[in-house]
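Think of it as A, B and C in the order they're written, each chain with its own count starting at 1.
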Amino acid sequence: MNVRALMAHRFAGLTVVSAIVIVLPFFFPSAYYYRLAGLVLIFGLAAVGLNLLMGFAGQVSLGHAGFLGIGGYSVAIGATYLAAPPWLCILGGAALSGLVAFCVGRPILRLKGHYLAVATLGFGVLVTIVLTNEATWTGGPDGMTVPRLMLFAWPVHGADAWYWIAAITFLIGGTLALNLGDSPTGRALKAIQDSEVASSMLGIDVSYQKLVIFVISAVFVSIAGSYLALFNGHITPDISGFLRSIELVTIVVLGGMGSIVGSLLGATILVVLPQTLTVLHEYEDMAFGLILMGFMILLRQGIVPSLMGWFAGRRS
Amino acid sequence: MAEFLQFLSSGLTVGSVYALVALGFTLIYNASNVINFAQGEFVMLGGMSTVFLALAGVPLPIAALIAVIVTTAIGLALYRFAIEPARDASAVSLIMITIGASIFLRGLAQVVFDKRFHSLPMIFGAEPLRIGGAAVLPQSLVVLGGATTIVLLLWAFIDRTILGKAVIATAVNRLAARLVGIDTRRIIGLSFAISAAIGAVAGVLVTPITLTSYDVGTLLAVKAFAAAMLGGIGSALGAVVGGLVLGMLEAFSAGYISSKYKDAVAFIVLLAVLLAMPRGLLGRGKIERV
Amino acid sequence: MFVLHRVLATAACTLAIAVATGLSASAQIKIGAVLSVTGPASFLGDPEKKTLEMYVDEINAKGGVNGQKLQLIVYDDGGDANNARTFATRLVEEDKIDAMVGGTSTGSTLAMIPVFEDAQIPFISLAGAIQIVQPVRKWVFKTPHTDKMACEKIFADLKQRHLTAIAIISGTDAFGKSMRDQCVAVAPNWGITVVHEESYGPRDSDMTPQLTNIRNKADVQAVVNTGFGQGPAIVTRGYRQLNIGVPLYESHGVASKQYIELAGTAADGVRLPAAALLVAEKLPDNDLQKPVVVAYSRAYQQKTGQAVSTFGGHAYDGMMILVQAMQRAQGADKAKVRDEIERTKGYVGTGGIVNMSPTDHLGLDLSAFRMLEIKNGDWTLVPDAKS
């Protein structure tokens, strides 16, 4: 058993994460920690989705929180107005997000670089505006209550239940993402990142591949949004706002583009750090900004790639 | 007709602010390929510093001058301590650094200033001028005039001075510029300083109309970024045109279509333009080397 | 290594804070507050925080409640309901609070209610919407007037001036929209028709297009602006810039004298429903609220150097109602305190005179609002309309 070979295996990171996820609850003194961990896993899931788009396909999206909103409000509206069971709404929301991603992605993905970024920004803003203004359906800026999730007539209650649900979903999602990375689609995306012209010469249907990954990433984010809504029991339109999209991008970049474990680390920082900074009171924002800048200057490829590079450098 | 002029005046006033901030985006982007999301914070710092200096008893013109100088220094510091050390980072990482900087500056403003909103006195009084049936504030004309002056000054600088040519050279090809002896680090620092100064001046001029508070920067940066892309990033004229067009879109859709959806209309038009012209209104096409 | 250090440090800090908080004097009564001190609602949250801190210090200086000192734990949710929910869980699970005064906005309040209902901790909310107390929830109370009351106060005044056709210009934020919805719903009861509507973003800097449309509608007899923060000031300036002749009504969201400073001479003639707090010094001497509002007003001004705000006043009322309930309950037992809060009768606060009951967890009626008019850059009281 060559340890180095094991560590190099693509599922090494995820296996370590699984182990941590199983062991960690023994150290949780209260439900508060379950809640934080649950949020980390939910945002981690969304970040994995966005990472597929940004890390694997190299496309920037500043509006992905729009899918958080679609997923979240599907659960809220479906359960309140259509009397649909929440688990069905989660799936429905994912399907809706995929459809929206397909319709929006086809024209938008022709744009490159910052132009794509601003187009996705526009998408996110539009989703927020619709959610805020269509108050008869969405409850407007105050948001709406989300009924509890029922799994086989058992109400899902408490942060600890959500921790496990989010953990399992994250691990499944992470596995799917890693598999995607090594699939023909994943390799095609790597090629597209290097050079779109060259890949199309090799017979890769560039726009199709980009669209596929856009839709898949939207589905990931949508499910995370549904979970968030059910976890909180309440949803407001700023779940799909610009600031939320920036949070997702920050998590992905911080953790390292293309790294699933990195996305989880990024989510940990973004969820836990503000909690620890509360001691600073009004200096909280300043500290957070400084820490973010510090991370990006010192670990400029993101945490995981920079550390891996550092280790690789040490070895040689 | 009168209402058309009213909407136009409103659109141009707001659009001038977007134009100036977008100009700042473009300047920095051209020199260093960085999208500086802290740009909106420069406007905020210009306005808030002036307000607080004036409250402390400093005469208004001096307060404004000091505010612009301080903001320029902050822009330089941002480059020197945050961007320059990470110069070989990817574009996304650099954007993240500027986002961190904007959060930091906002947090700083909370502590140094306060969380309320403030105004400055209008330079020529609050009595509106009647132009063709529309009521136009003299301050709007000041903002428009100020924006035009800045654009002209910038153009003269870029086109007529050696230093300006150096800026262009750095923007076109950084390596080649260094090879001919241009200190690109100084040039990029200069572009940050100029952008900060422009933002601060915009803040001082527009605060009498729009009011200011510690967090006006975020929304402004988003809109100005959209405006810069609309006009075509990389083109200074495009930034100005993009800003004015965005301002007017907002005013006209609020007036003629629906005030509830005015932001939506602006973004829909933005998306439509980008889909039809993927390089923005005035963006230059890029030749992609294979 | 770098990151590992940071993660470990973060974990260690969290643990240390948790331990420290748990170890701190168990004889202290812990009051939690989740407020939107930063973010889009900071106009409300900042005075709330300042007020709570001020009065906890004052109460402690006087010996505390039933001999026990108060410990205030404030968290800033940044206007985000998700964060509010996390901090609520933290207050209940980690900080082990005895009661909660907070929830600056309706969104964050609604997100936090399940936490406090489950934990059976009394929660006095500082948010406006009526659905916080309707349907009545056992552990949830609130101090601010509902926007429905504000609408009714305005409509009563309109009726007295024989004005029946109005235009509403509202902010698209939660405050503005909620009040607009209430106004539209109750208008028919007062014989008022809404002939035109416009809206603006809470951070917009120019409302002249919307106001131009209102001015061009010939049948508008008065304009009502619902919103908070800087929006009303900009609307008021635009109103005068366009020389719109019909009366303008603002809402209680303007909250402080700063509105008059910013709107300038444009504010003259504007009417609005507001708590007595804003006209503290001008109240007749026999007014029950006068001593309370004058004292709070002076103390706030002196401590912060800023003009008093009705949002800070709601926090004051929340704290005082809680403290008085604890005094009557002779301790911090959550169930007893809750019962005593519900039994609050005749509490004279900044917002009005509060009489709670098992079916009314707000306790204010229409008399809690005063109709004010701005004259020569200052508030004046308008004699009460027969409502």
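FYI, a contact is a pair of C-beta atoms (placed from the backbone, for glycine too) under 8 Å apart; a residue touches a chain by one contact, two chains touch by 3 or more.
All values reported here derive from a predicted model rather than from experimental measurement.
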Taking each chain's centre as the mean of its CA atoms, which one is most distant from chain A? C
Between A-B and A-C, which chain pair is linked by more C-beta pairs in contact? A-B
Nearest whole angstrom, what separates the Cα centre of chain A from the Cα centre of chain C? 35
Chain A to chain B: how many Å between their CA centres? 31
Where in chain A do residues touch two or more other chains at once? 133, 282, 284-285
Flagged in chain B as touching 2+ other chains are 110, 260, 263
For chain C, give me the residues that contact two or more of the other chains. 37-38, 172
Taking the touch rule as given, give the residues of chain C at its contact with chain A in the complex, in rising order. 2-3, 7, 10, 13-14, 17-18, 37-38, 74-76, 79-83, 85-86, 89-90, 92-94, 105-107, 110-111, 114, 129, 131, 172-174, 177-178, 181
Chain C residues touching chain B in their complex are 37-40, 42-43, 46, 172, 198-201, 203, 205-206, 208-210, 212-213, 216, 229-230, 233-234, 237, 241-243, 258, 261-262, 264-266, 306
Interface residues, chain A side, partner chain B - complex: 54, 60, 107-108, 110-115, 118-119, 121-123, 125-126, 129-130, 133, 195, 197-198, 242-243, 246, 249-250, 253-254, 257, 282-293, 296-297, 300-302
Touch list for chain A against partner chain C, complex: 29-32, 35-36, 39, 132-133, 135, 140-143, 145, 159, 228, 232-236, 238-239, 265, 268, 272-276, 278-279, 281-282, 284-285, 298-299, 303, 307
For the complex, give me every residue of chain B touching chain A. 35, 82, 85-86, 88-93, 96-97, 99-108, 110-111, 218, 222, 225-226, 229, 233, 260-261, 263-264, 267-268, 270-271, 274-275, 278-280, 288, 290
